[in-house]
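Two complexes follow with chain A in common, the first pairing it with chain B and the second with chain C.
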Partner chain A sequence: MSHAIRKEALRALVGSWLAEGKRVAGPVAVGPGRVLYQPLVSPERLLLDGFIRTVNSIKAFVFPRHEELYAYRFRGRQVELIDAPLPEEEQIVIGARPCDAAALPVLDHVFRWGTPDRSYERRRELTTVVTLACREYDDHCFCTSLDSGPRDERGSDVLLVEIDEETYEVVWLTSKGKDLFVRHTERADRKGTIGTGPKRKFDAAALERFLAENFESPVWETFALRCLGCGACAYDCPTCHCFDIVDEGDRHGGMRVRNWDSCQFALFTLHASGHNPRTAQAQRIRQRIYHKFRIYPDKFGDTLCTGCGNCSRGCPVHLGIRPVLEAISALERKPQSAPPKTP
Partner chain B sequence: MTAPPVSADPATAPNLYLPDLMEVLEVQQHTADTKSVRLRFRNEIAAKRFSFRVGQFGIFSAFGSGEATFNICSSSTWKDYIEFCFRRTGMVTDALWEVDKDDTIGFRGPYGNGYPMEKWRRKHLIFLGGGIAMPPIRCAIWYALEHRDEYGEITIIYGARSTKDLVFADDLARWAQYDGVQVIRCVDPGGETPDWDGEVGFVPEVLKRADVRSDNSVALVVGPPIMIKLTMPLLTRMGLVDRDIYTSLESRMKCGVGKCGRCNCGPVYLCKEGPVFTLEQLKALPNDY
Partner chain C sequence: MIEALRELARRLLAEERVRVVIGYGQSSPQGPVHPLFITRAEDAEQLVWNRQCFSNLTAYLTRKDVRALGPAAVVVKGCDERTITVLEKEAQLERERVFVVGMVCEGMGDPGLPKCQVCDRHRPRLADETLGEAVDREVPALERYAALEAFLARPAEQRMAYWQEELARCVKCYACRQVCPLCYCERCIVDKNRPAVIDTSATLKGNFAWHITRAFHLAGRCVACGECARVCPVGIDLTLLNQSLARAAEEAYGFRAGEDPRVEPLVGSWSPQDREDFIR
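== the complex of A and B ==
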């Protein structure tokens, strides 16, 4: 026995959340072939199928692209600081992809270790994530290569799994998720089923072996020859979380804000002295791969990548994580494909 | 290693990015492009609550221009104020350059690990600094001099591009007055004036020529990467083991608390696990700094 909701009923439920004044966001078609997670104005705009992935990720709902940290105001030679108000509005993200939702508990580590980041923490609390298990994949998807998959439950409060063309199975994973759906589902004797996900694209164990030995390797340079250093991969990524802190204001005062940033930019690590630890794009690509697949796992126990493939979809030169990892995995396989020479 | 999540009630947790407001007590210009600033907390409670270890750093604000990271170059034993020193080189330091007595700037910190001054007790200390890297060794020198009985002989080798580029020259003169302290000032070849009474040569060269006590010693080397790279092997040759050779690494930082993702050197977040490292630790890090 399972819980189910008919697709029209789901849309009506979304409409009732909006009518109650809740902030609801989900996939919205903004142009031909272009779908973004956006705040919904009406339930009709919510797009639940017919596309592989949104261009952006849901991280912006817990870690905004541009966020005021506090305001400052000049009072003669003194300065007055005005703390940024904490977010108060509950929000529901519906139709999240599992690879987006799974990024949230991964991001929790860095925002919580040591001194917790207050506004991130608050937004996490206020956000309920309703995830839709994937039935379709494209060549960029590689969740299964990272021990994830089309119904990964990490980070979701509710998981919707299609039963048939009319109905979703509703799997509530947290009390927050259950509260949203509990009186709106019907009993069903069928469970939602989906496939096994995209085919495995590389061997994660081979990647681990490679990274252990190849910080200095000519292979990074070969990727850099293609990379434009535009940073689109980081902005489309559900787990990239690096940021910059800058002031925006005039002679009366202003705001100190944080903006998303990317390790793919040369300025990212440039010292005041002119010294730069990462002067070459090859070093910056290496940093992105190491941060995601070695540094973060070593520090926090989770890979800083969910295999969504957005970095490749958004890349102007068909790079991104997957092609790099496929190439590395192939390199790592080569010596072993030779026949064993042991007697 | 998995870091345990810290649970905090965000409603009451402080905004970690919100700085304390500091009153500028005094500004001292050292060279054509370096100044040091003495600061006092405007809020008395914040002042009482504050303590730090020498070698730690702060993030200093010029409101309207932004934040920048500097070592706290005063000694942790000075309770009424803290000091930092900067070279005018970008937007934030341009704004700091205009700062005068009674002005307000922001401060967050202290951050980072600091120098293990307790561990250095009963050892001879060798301080080697270059250029604007005088401030991060100055705090440790003053600390050691204020606990003079606890440390052995102290050697300070400090080099600058020219005689006009020596930072904290007044402190150098005062340190030379202490018993058991050897101060060697040097300038790059061509940077000397006819009346220059210090050495001429780069820090590693000067170290080679100098008569420096190296038994039971620890060394702190701070300066441009090339200076660190050339100086450390000399210390090794003098008999210092890798875990007794220290440096403080520079990095472009934004948050100071391990979140902005900017300062990692391989697996190490310089802001949290550094900026102070031994040569032993440095050798385990990838070439990413």
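== the complex of A and C ==
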């Protein structure tokens, strides 16, 4: 026996959450073929199928692109500091993909490491993630190459798995998730089923071997000319979490804020002295791969990538993680071969 | 046309007229088309030409690492070649160091992009060699600005609400800037932090400041290649902003950026006949 909810009942349930004044976010179409996680204003706008993945990720709901840390005010020769209020509102993210939800425990490592990040911590507590297992994949998906898959439960509070065109199986994974659904499901004698996910695109073990020995390698140059150096890959990524802290204000005072940042920007590593340790895009691409597949695993025992493929899907020139890892995989298979194809 | 293109690239590289050919490639027949850099004549067969060649490749001409390779050939469509004129006029490239391969274009995408629907330059005019045959279609100015006209016909409050909704999605990934062939500033104003001029925050204030400043910096320069809007991950139609300034330049001065290499750039030239007196 399992728990199930009819799709129309789910939509009605979302409507009731909104009516109770809860903050709910989910996939919303913002243009032809473009779906983004957005705060929902009505349950009708919630999109549960007909697309592979949203352009953005759910990380914005626990790690917003812009966050006020504290305000400062000049009072004569004194500076007054005013803490920004911590978030208080509960929020529900519905229709997350497993590759989005699985990124949350990955983000936890860094935000809970050392001095815990209070606002991140609070947002995590206040957020309930209702994930929808994937039935469809595209060429960019590579979760299965990283030991994840279309019904990965990590990071989710509830997993919805389609039983048929009208019904989802409801699998609650935490008490927070159970509380949301427990009085709204019916008994079902069928379970949701889905496929095995996208085919494996590269060999993670080969990648590990390669990174151990190839900090200097022509492969990093392979895509450097093509890369435009924008931050679309990092900002669409569920696991990228680099940020910049800046003061914005005037002579009376202002705000210290935390904004998303990307290692693909030339400015990212520019020192105040004018020195820049990463002057070339090849070094920046290498950094992104090393951070995700060597530095982070070494430090936290977890991969800083869930295989969602958003970095490629959103890339203006169709780069991202997968093409680089495929090129590395190809090199590992044929160690004696010629240098990689012209980018 | 593909064969002619590959043959030309092969010849240019073999004769060492250029060191790199910037064209289009495709990792698989169904895969997306992407910019491709060919440095060896034998790799020329990787070049493709089809209705998915969206990128304006002239953006790479001003990049340090591409320049370091030596003289370049670049594959352009009619819309793209206008940026070469602007770059040349702004002293950003030496025209004789670039071999321009013009491709006759029937439009990109299926159905064509909005810019292709109103294109009046299917056949490049300024290329060193042009491949393909087609006749240009005259597009009256009104038609080119039809989408803008329709937008401007809406009441001001509605337009403001539109921009507030659209720009609220901007995360400042700067794909619009990085893909733009005319955003070649070594240090963009939004990256200046001593002092900071524009908030780096992706708030409504910071986003308005960024996009308005960028549109103004492109006034009289933007050639409407539309790359900024095409690559925007969150689907903001930035061409509306750029088009409104382009139309102002066209209406007030009969100027269209990149249209005629003999005409001096609008912002960067003056005339004693100007109807404003401050210039005299």
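The rule is simple: the second predicted complex is superposed on the first by the 334 of 343 C-alpha atoms of A that agree within 3 Å, B and C clash if a C-alpha of one lies under 4 Å from a C-alpha of the other, contacts with A are read in each partner's own complex, and residues count from 1 in each chain.
Rule of thumb we're sticking to: contacts are C-beta pairs under 8 Å (C-beta built on N, C-alpha and C of every residue); 3 or more make two chains touch, one makes a residue touch a chain.
Everything numeric in this text was worked out from a predicted model, so none of it was measured.
With both structures placed on the common chain, the touch criterion links A:85 to neither chain B nor chain C. Of the two partner chains, chain C is the only one that A:66 touches; chain B does not reach it. Counting residues of chain A touched by each partner, chain B versus chain C, the larger count belongs to B. Within the superposed three-chain model, A:113 lies in touch with chain B and out of touch with chain C [touch as defined at top]. In the superposition on chain A, A:56 makes contact with chain C only, while chain B stays out of contact range. In the superposed pair of complexes, A:298 makes contact with chain B only, with no contact to chain C. Once the two complexes are overlaid on the shared chain, A:268 sits against chain B while remaining clear of chain C. By the touch criterion defined above, A:246 reaches both chain B and chain C. Common to the chain B and chain C contact sets on chain A are residues 244, 246. On chain A, the positions that touch chain C within their shared complex are 30-31, 34, 36, 38, 55-56, 65-66, 139, 224-226, 228-232, 234-236, 244, 246, 248, 257, 259-260, 262, 265, 267, 280-281, 314, 316-319, 323, 341-343. On the chain B side of its complex with chain A, the touching residues are 1-3, 5-8, 10-11, 13-19, 21, 42, 61, 63-68, 87, 89-90, 93, 102-104, 106, 132, 224-225, 250-252, 254-255, 257-262, 264-267, 272, 286-289. Contact residues of chain A toward chain B in the complex are 69-70, 72, 74, 77-79, 81, 83-84, 86, 108-119, 121-122, 125, 215-216, 241-247, 249-251, 253-254, 256, 258, 261, 263, 268-273, 275, 277-278, 283, 287, 290-291, 294-295, 298-301. Chain contact summary for the complex, chain C toward chain A: residues 27, 31-40, 43, 46, 55, 59-60, 63, 65-66, 169, 171-175, 177-179, 191, 193, 196, 199-203, 206, 227, 230-231, 233-235.
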